[in-house]
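Next come the structures, one after another.
Each of the next two complexes has subunit A plus one other chain: subunit B in the first, subunit C in the second.
On to the complex of A and B.
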């Protein structure tokens, strides 16, 4: 009877909150997002309106898509540092090819380098077992070099952003960003794939315990190859979307998104060591980072102070979140 | 024992590669002489210190993404302090900047230990913070450097008793590099701390259970990394005479050279000599390609391909070694 008595007594509030949080890791993230928006509204009353929300979503989407690449690769214990290069290459090829070709074939050509870099990454990491950090840094270096050489050849012919991409990147339909037309299927695909398909489960398995996965008959290199190709393709598509949003192709187009994409995945609760996390958290992470950027810009701090605050907040949020969700 | 042999073999192989590349350079450009070697050594300096910083941290099982930002911050701090100041004042600036690097590195380590967030995420966050701090110190390239500091890495070292033809091949920059690295590295390697460093790198759990103070060692590893990065920042100011608040390409280069130099990214295996030779090899390849009048952009592609291929081969060798 004493046993049931102790069971009946409610656990301390702190422990219950913690348990709730680790069951529902999205809740604290959404709370943080709401708090940030609240602070924004408090600092500049009236700023949070439909237009602002649409704008925030519009800028968060490319970040969230690149962070999808990071989320998937991190689940296997890897990282993909070539995403910004892949995105930039896709955007640049698209803009250069659109001068002469129709958007569909230009898009196909633009995604070709993404495919190649993805295959190279996959072979390096999966077959040769190179550390993903090194492999993706290396391929992105090669990619940047190719891009610089390519730029020389197209400088005369000029560049053009297809109208379709501009519509997709910047357009609003009834106050809703058109980019959601692309993002919702991609996000649904990633979430459902991670949760319900064999491939998604394999990613978790490989990241959680590679040896165990291998001994259970998982063909490691195939999983990794498919993963990096998928990651590069998503990065390439993001590049096309980002081109529509920014509308001026340059050689460093997607570079500012590189490190924030890692930060978004980490804030979203994906473990960089693999095996834990998911895409839903990453989307909220990307929104948090975008709102945070707006907030810091609103404070009218010098660029340096803004970077310091950004870094400090990313670190603080990650540390607090880790503490909250699991107490190792 | 066989692992020891393999490691030394890797370093020796790199050195042979370096000598072979020097010969190739001589063949491409018969005029390549001591003066060119001196400028190679000068160009290598900041890279070599960045690599040293990364090596210490990687050996301890971590990774430091903030290395280039740290160099930018220490470089602009030195340049801003020395601008318009007297030559003697620079004598105080140098130790101050080195101490700053050490302290900021220790901050990196302490944040990792206290927050329990993975190294790669913490140093990613401090990358932003250090870069921001550098922009606060100087918002555009500027500042100055003392003349004696600039002279420290230009020219050669005359050694009495040796003919000029030999001393011409000993540029001051190389001597500065060797002395700075040796003063920190050799005592470290022979001390208890050095042993602990390798221990936490190969397995921090095993190290902890053997009574190694893991947290303290980790913080010190990052602090030493910061110290090396500060040296790198100083050499940046020394060679350009100004400080630039934008981080250079040193992060990528440092990671590449660490891997090429035979240091395991997981930590605990490798030394400092390999990565330093690797960075010379990488720079010399660049020089050769420039001498061959290859488009500098194509050079970037070739460098990347070399890096990827070598790393793949290294991984293949390691794999063969694991499964005999």
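On to the complex of A and C.
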């Protein structure tokens, strides 16, 4: 009798929660973010204030923007390991060219290597079918090499960070980071592009089942070429913003953002195998990683222990999240 | 029946969950005979072969070799028991040379060389890489390797399919010579000519059961076809016939001339009219896959021409075929669907394919077209957020709905009803007839022959990569199609009219 009674109920609670999570994958991420902020406030009462939030957002933005590149490429089953190099190159060129040129021309020159690397990645992956991991790693190394050569030629002329970039990167207006002026349009563009354009559809389609996409008339190489060019351009623009935030160009400027940008996309629920995910989750993922970094720094652990904890937490969170959301 | 059989399998069954691939198969092979194993698609031939060669384990049954039960738990065990197969696909490792391939499988080199020579390849260099050799030579090498292991029972699966006539003759000679020494050969082939030339007896399977064992004598072909079909020769209602052949004027929608592609499609010509559903009937691997792939723009034909509405075309990518209104629905749903995406995205996928539609989606128009297609195919959309949550039948409907929404003028359906329920099948038949009534055309390959009379206006029969017959729907019943698919002439079929469905 008890058996029939349970059958009458709609579904067990656990199952219902999973269904809900599966339909609203953002909810558990936001809950996790709030919990992390709560822990932070508990450990150091009073730390979470307006200034802290603005600062966190400021540092999360470049990460979230590079993670946009990872999200888009991961949707097709790829990855873009050249984003940090592209960002560094853009920043370095910008700083070097600004000595002599106006910011707009300098910016245009700075984005040129980004464009070239994007085209190379797109052709390599889309036409010659090189694995994205290898292709983007290769162009990344070539890019770094070129940058070292370039550095020698401009070492005498010095570097300058345009005031506009400093304002955008570090400035606050009424307590709100100016960087949002750049980030909100970029984020809106990526989210809307993925959801409401034909190109966005194709990214998911190619990543889910390339053969099926082909049989529907999708030309793989075009999608991939456009994707990697777009990814490189966003990475280049991120480099300019990051220059304004850090204010000292170096050959490894954006390197610390490279692997966290992949982690942010994965934590945000984008499948590395393609076909699943979205940018909204990635943004929360970038915020989670930034808060987590602050939290670990606050514990005043040695660098090694911090890295171990960071890695372990990222793994745990990703595994738990996928279990929670994957309703099958 | 005094001689003890060399191989004696009886009551062999194999279940996959609730599905029985093999119910009650028996196979007795005497020493010194070549024994044909026959059956229509899905009769259980390959399952039985896999069991005999240790690739899968039977759910029930008894297998004796020289009167002894020997373990056949793995391919190696089967080989130790004296059963050696030569499969349809070449089994040498492409990136190793022949000598290394032999070493890898523990094949004695001297007898191997002798066999290769005896089979008509005089100048083989053992240092050649397997990948550099032509397919026909690879098949011969596989056979030579099996022969040099001196097996008691050799299984040859479509051995002669890829061989030119002179090599095929040598193979038949060698096999005949081999059985004189008291060994035996199980021969699987779709070609009656070869079976007549080579085999002594045949075991016929139908629906997973052995339905008869016959001696190969002249004229036995008809009897074998009858046994393969069994009592299923009941008439299916001819669905088409309503179409007026004269109705369509102007050039044919699709005109194929001398098409060849890959290693299997040799020379196929036919026309597909507007408003017609043309059936394609063929046994496994007769070139039908290549035919559909070439028409869909997935592979490039090596010879021949395709014309659409009278204009010659060359397809370099499926997009080119789609631009001409030709859509392909593959038999394997996992090839056509984005399993993690929604029903709507799956159906709307072709809309976004072209460069000019990469911009913002025309949401309203898309929703209209998609819901119209969903409605028309009655797709159950309760689980529409991910296509992988749909039932097989509903998934198949989505693959077709995509092209209804895209308003394709010609649909190439490759076995679209495989593995789906009867109701969905009926719905698909009806839909295809409706499309034809609207002037669209459909090319319909099916492995279930009775579907031809339900759906098609005529049947194009392909055998050995060529069109061997075109049957009007009125006479394209299962028996006629089976005969034609095995390459038997139509006249012989109509002479011994014995539709009694005699049981052996």
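Heads up, the rule we're going with is that the second predicted complex is superposed on the first by the 317 of 328 C-alpha atoms of A that agree within 3 Å, B and C clash if a C-alpha of one lies under 4 Å from a C-alpha of the other, contacts with A are read in each partner's own complex, and residues count from 1 in each chain.
The rule is simple: a contact is a pair of C-beta atoms (placed from the backbone, for glycine too) under 8 Å apart; a residue touches a chain by one contact, two chains touch by 3 or more.
Nothing here was measured: the structure is a model prediction, and the numbers come from that model.
Asks: With both complexes superposed on chain A, which partner does A:92 reach: first (subunit B), second (subunit C), both or neither?
Replies: The answer is neither, since A:92 touches no partner chain.
Asks: Looking at A:262 after the superposition, I want to know if it touches subunit B, subunit C, both of them or none. Which is it: first, second, both, neither?
Replies: First partner only.
Asks: Decide which partner touches more residues of subunit A, taking subunit B and subunit C as the two options.
Replies: Of subunit B and subunit C, more residues of subunit A lie in contact with B.
Asks: Touch test for A:198: subunit B only (first), subunit C only (second), both, or neither?
Replies: It touches subunit C, and subunit B stays clear.
Asks: Tell me which partner A:211 touches in the superposition: subunit B (first), subunit C (second), both or neither.
Replies: A:211 contacts subunit C only, not subunit B.
Asks: Scan A:222 for contacts with subunit B and subunit C and give back first, second, both or neither.
Replies: second
Asks: If we overlay the two complexes on their shared chain A, which of subunit B and subunit C does A:275 touch? Say first, second, both or neither.
Replies: In the superposition, A:275 contacts subunit C only.
Asks: In the complex, go through subunit A and note every residue touching subunit B.
Replies: 79, 120, 124, 128-131, 133-135, 137-139, 141-146, 148-149, 152, 259, 262-263, 266, 272-273, 302-312, 314-315, 318-319, 322-323, 328
Asks: Can you list the residues on subunit C that touch subunit A in the complex?
Replies: Interface residues on subunit C, with respect to subunit A: 296, 298, 317-319, 322-323, 328, 330, 334-341, 345, 348-355, 357-361, 363, 385, 402.
Asks: For a test of understanding, state which residues of subunit A touch subunit C in their complex under the given definition.
Replies: 23, 196-199, 201-202, 204-205, 208-209, 211-219, 222, 226, 275-276
Asks: Which of the residues in subunit B come into contact with subunit A in the complex?
Replies: 63, 111, 115-118, 120-122, 124-129, 131-137, 139, 245, 252, 255-256, 259, 265, 295, 297-305, 307-308, 311-312, 315-316, 318-319
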